[in-house]
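Chains here go by letter, A, B, C and D, matching the order in which they are written, and residues are numbered from 1 within each.
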């Protein structure tokens, strides 16, 4: 229900920040595919905190275990379950927080919704920790998509007021993405972003940003009209990432200020005689369906809610206002870690619709 | 599947622009509710073209017929089906367009997806006409929400470069919305918007805009974590509206440029001793759950794709480029008509999650 | 939710016995298929009452109208909506029955569930009338299956104590089915069944029976493990038919009394070198998946609940017991009319799983 | 998709017989409930093989581990994941069986469906081992139902030709069920059943049987019309149990031979003035909804497919027929172990619909 996504491929996420484990069950993957486990581990390392001083000092093993779904090194057609044990938790950092909800977190509405029974430690099921199993499932599906010639890649478009070069909408430079903690196109921008994050950290504060994601190689006609188009499903998946505040495809909010003649993408034939568009403001999607042009969108992330500056809250037990000073280990900016998560959930949505496409293309009508 | 939405209340949309009818089946509404049919007709008139010169000259009756689901004037618990006959169609305006896809429309990907069998007239199932049954379902559900003390209201935040006063995030001025074709807070803004639309029309062009929507009266704790939160479901529903390019909650993309201390909403107790937030940048949703503060978001609309300026496209039959000059009747700006549609689909998403809330609150654990 | 079925192809049924119409929306059918409307009308006639004195004297037009989903005579990929106007209703036959629930019908539990707001006339949404839209959807899908070489056929296995020849499990005699009101393999059995029904009618009573259904031509491997196997989905669909009490595949309940050596079907190679089984007690399904052998099951129907003999019930308004003597027009046996309905809903379930098979077979893994 | 069930409460089953583990994720359980873990372990022991000589000699620990979903001993509202490590497997017993499909098992259709990549050991995902996680989820939900006054209980109605006393349809004797390996009402029947099983085992053969299940305490009006009634959902769940061949509610197939006057249950008022029926042939369900009378059904189980008698099959590699002689450890009758599984999956279906009832009853319409 809530923590489940997909129709052809069903993904069920479980776990809380301080539960024995977090994990995912993926049902519907094609039998015979041989996962690249090293590749998946490398993908997971892109999200793991502890990479640099910039991120959280909490060390998570992020080593995952496959409990089911594999036979002789390949997907066997049965549901795939992968779990990650939670090994490095400091529970006492969160003591007493059920009573004094942290601003910007789900503490208060969860307290009401679950009548106080929610697992509050580390944010419970709302914790960024749950992006780990999202990345397990999505990372594997990125491999499946790649086998079909479809690539998913994202970079940090912006942190605070520092902007990276945007993707070329006609040919996103997926091969030029700078590896390293800050995944950008322009290395110098990466340095300025690091500085902005560091400044926030020193100020006991946090910053937000924007992640831009591209999907290339999608054939024409993937997606469904109305409620199950590429935008609908990608948006539903993207908002599963904590801290996301908005999503915009192609020209996004900028389209609102353009004239039709400035925004429409005229059709043309490329050198091979295939239909293409001269520009790509539509970001590869029209009417929910892929057009064959690169799919592009931006996702906005609010600044990390956990800051070390004192904040005002309420003491629910005493019915009076109180002050809150967080301890523990918190990311001054979660955007760098969110980049692989954006890729992962985008892959979930795209692949699920791609399987519809496979079915539709194969169906024989005389 | 594609044209279906919801879990507690399932909405199935059917119809094409030039089919005999468009309509909707709504399954799961509570028995005993007496719909206000006059109210629903009034709601439908807010979207119907032909209101002013500003909009499409195509006259649609928009008179709907109830085929099932009612007994003695009340919802009887069985699926509700409402249909609208398509009476005013000028088919020949669209002749030959299967061959020459219109820029900015779904023509090309649909041609591939459906192997040329799609109903292309008027955009077929991708037409803005399908917002009529969306409004039938959503308009009724707005009444159901109102009965529970929950209000949904939207206004035009922006057309071209003209901006309306935004909603007060602490108390959206739903009662101040100016009735009339352009639903705004500030009447003078409405005039400037009308001028911008008119200018585009005279230029044989089109403009886009932004719609801002507020939901007030939501109790705390509505929504589910991860994939079924309020943002996920509202986003999935909003992208069902043609021409939507982006959605952003609360501070939206602006949050990306703020520090945590500037963006977090601190908790406090109001005069009645209830938990509230001092500010509302989060737009009423945290972790996918309602916080009790007004829910707010902006949806960006691209400029209408159908413009009268000549455009370049391809002739699929001849395999060469061609020019396209549209005839017929087209909206220079669909944003004014989209306002009730935004309210309608928002109501679908909110109500579906509200029913989960009813269930959770009523469940008894000793 | 309740009146919706399917994943690849979603079927939404709406209508009450005395509503303006009953109908169905089918979303997910393949574009390009040209329905045989005459064939569908012929299929509908198989279920329509008024064929002989044996059945209800209520005349239903059963003429259906297509509101959407068709373009140039073919399925266009958009949802297909078909409606049947309810023209011949005699409301007064049901006056006062909300107060005095009829034994064997859903009246009493519906009265509680819908708090008295249910449409009670003619059984409302629980009426056998709803098998008409089931047959519209299923009848069309039977044509789609036939195009893929898959046939669905059923006959009356039993009425009262009269039994027809069962299907040959190795080669069901679908071509030998006697046309006419009682669809049987052995015409003499048909006469004895007619006599049994007539005897019941004269006694102001009713009889039940069993329908046997076969599906031939299914490739091997259609269906999913656990909850979405052929038996699970066919059973879920079959129980949507009013009056069904049980379903049993292959040897069914008889298997319970056999030894493994008597029940197992040993494998062999046929003349063409293909895998087959020497016997077919398993009825074509193992582990939820098709084996390539004919799929066979029996569905048990209770005797029609509406009988003219006086029955005891309660007067809900007065809180005391009362007597009930039904008037109106009622089938002394609904089994003959149920045969096409069994075929129809079986087709829904089989086709939905067949589309998974198409997807799985087409998916390319190097 | 396939191995997922439910709407309000979603159950995802994973695992293969010889995978590292089997398990289940349950999403949607109410926060605040304190599971009785000892009670759940006791429930699991009812299904565990190794209890007596009558059952499989394979010892399974069946000790489960909770990976998520619990906080301070109570359900915390987040998805609950329980896993069971597979510790006692003898892989070599199944060597070579991908090539020579076992009669009566899913081997052959799975080989085709998964193109040979399925995990064949021990039947893989089709193994009876998967009834363990079904029982974990169902066993917990039985406790939740009990808290609401709803009881689920089953007994062996029949093994081979030995029949137990059936449940009294007006008052199923749930408290009289004989504990021990063969759960029956009449202890002497249990002895005769044991003898029948033993005889089959000595003959290197197997026997089947029937399980009868009762659900008491259901309020009136639980369930939905058409596709989501109690019969539809219970049937969908019951067929997830390996070896089930049929299901029949109330009088079941016997109803087919009755007259309406013999089968209808007349209404009456009990001593407390509540509506009841004088008889209960309908087995507690009418039109998919609960009537307040005990819900009753029978499920037929085929004889265990794995027998030690030699059987004929095909050698897929050589394209010729072959003989098969199974080794290993197999149950001569799985019916005794299936009894708690029947209770478990019935609980899943009933509880899911019960939550709809809670929502519907709580919804306020003025």
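The working rule: contacts are C-beta pairs under 8 Å (C-beta built on N, C-alpha and C of every residue); 3 or more make two chains touch, one makes a residue touch a chain.
Please read these numbers as outputs of a predicted model, since none were measured by experiment.
Common partners of chain A and chain D, by the touch rule above, are B, C.
When the C-beta pairs in contact are tallied for B-C and for B-D, the bigger tally goes to B-C. Distance from chain B peaks, on a Cα-centroid basis, for D.
Chain centres here are Cα averages; for chain A and chain B they lie 26 Å apart. Centre to centre, using the average C-alpha position, chain B and chain C are separated by 39 Å.
Centre-to-centre separation between chain B and chain D, using Cα means, comes to 45 Å. Among the residues of chain A, those touching two or more other chains are numbered 1-4, 7-8, 13, 32, 78, 110, 113-114, 125, 225, 360.
Across the complex, chain A is touched by residues 7-8, 30, 32-33, 78, 147-148, 225, 355-356, 358-366 of chain C.
Contact residues of chain D toward chain A in the complex are 1-4, 6-10, 12-16, 19-23, 25, 27-28, 31-32, 65-72, 74-81, 83, 110, 113-115, 117-121, 124-125. Residues of chain B touching chain A in their complex: 1-5, 7, 13, 101, 103-106, 108-110, 112-114, 125-126, 130, 158, 160-161, 200, 203, 205-210, 220-221, 223-229, 231-233, 235-237, 239-240, 242, 244-253, 255-269, 273, 275, 277-278, 281-283, 286-292, 298, 300-307, 309, 311-314, 316, 319-321, 357, 360.
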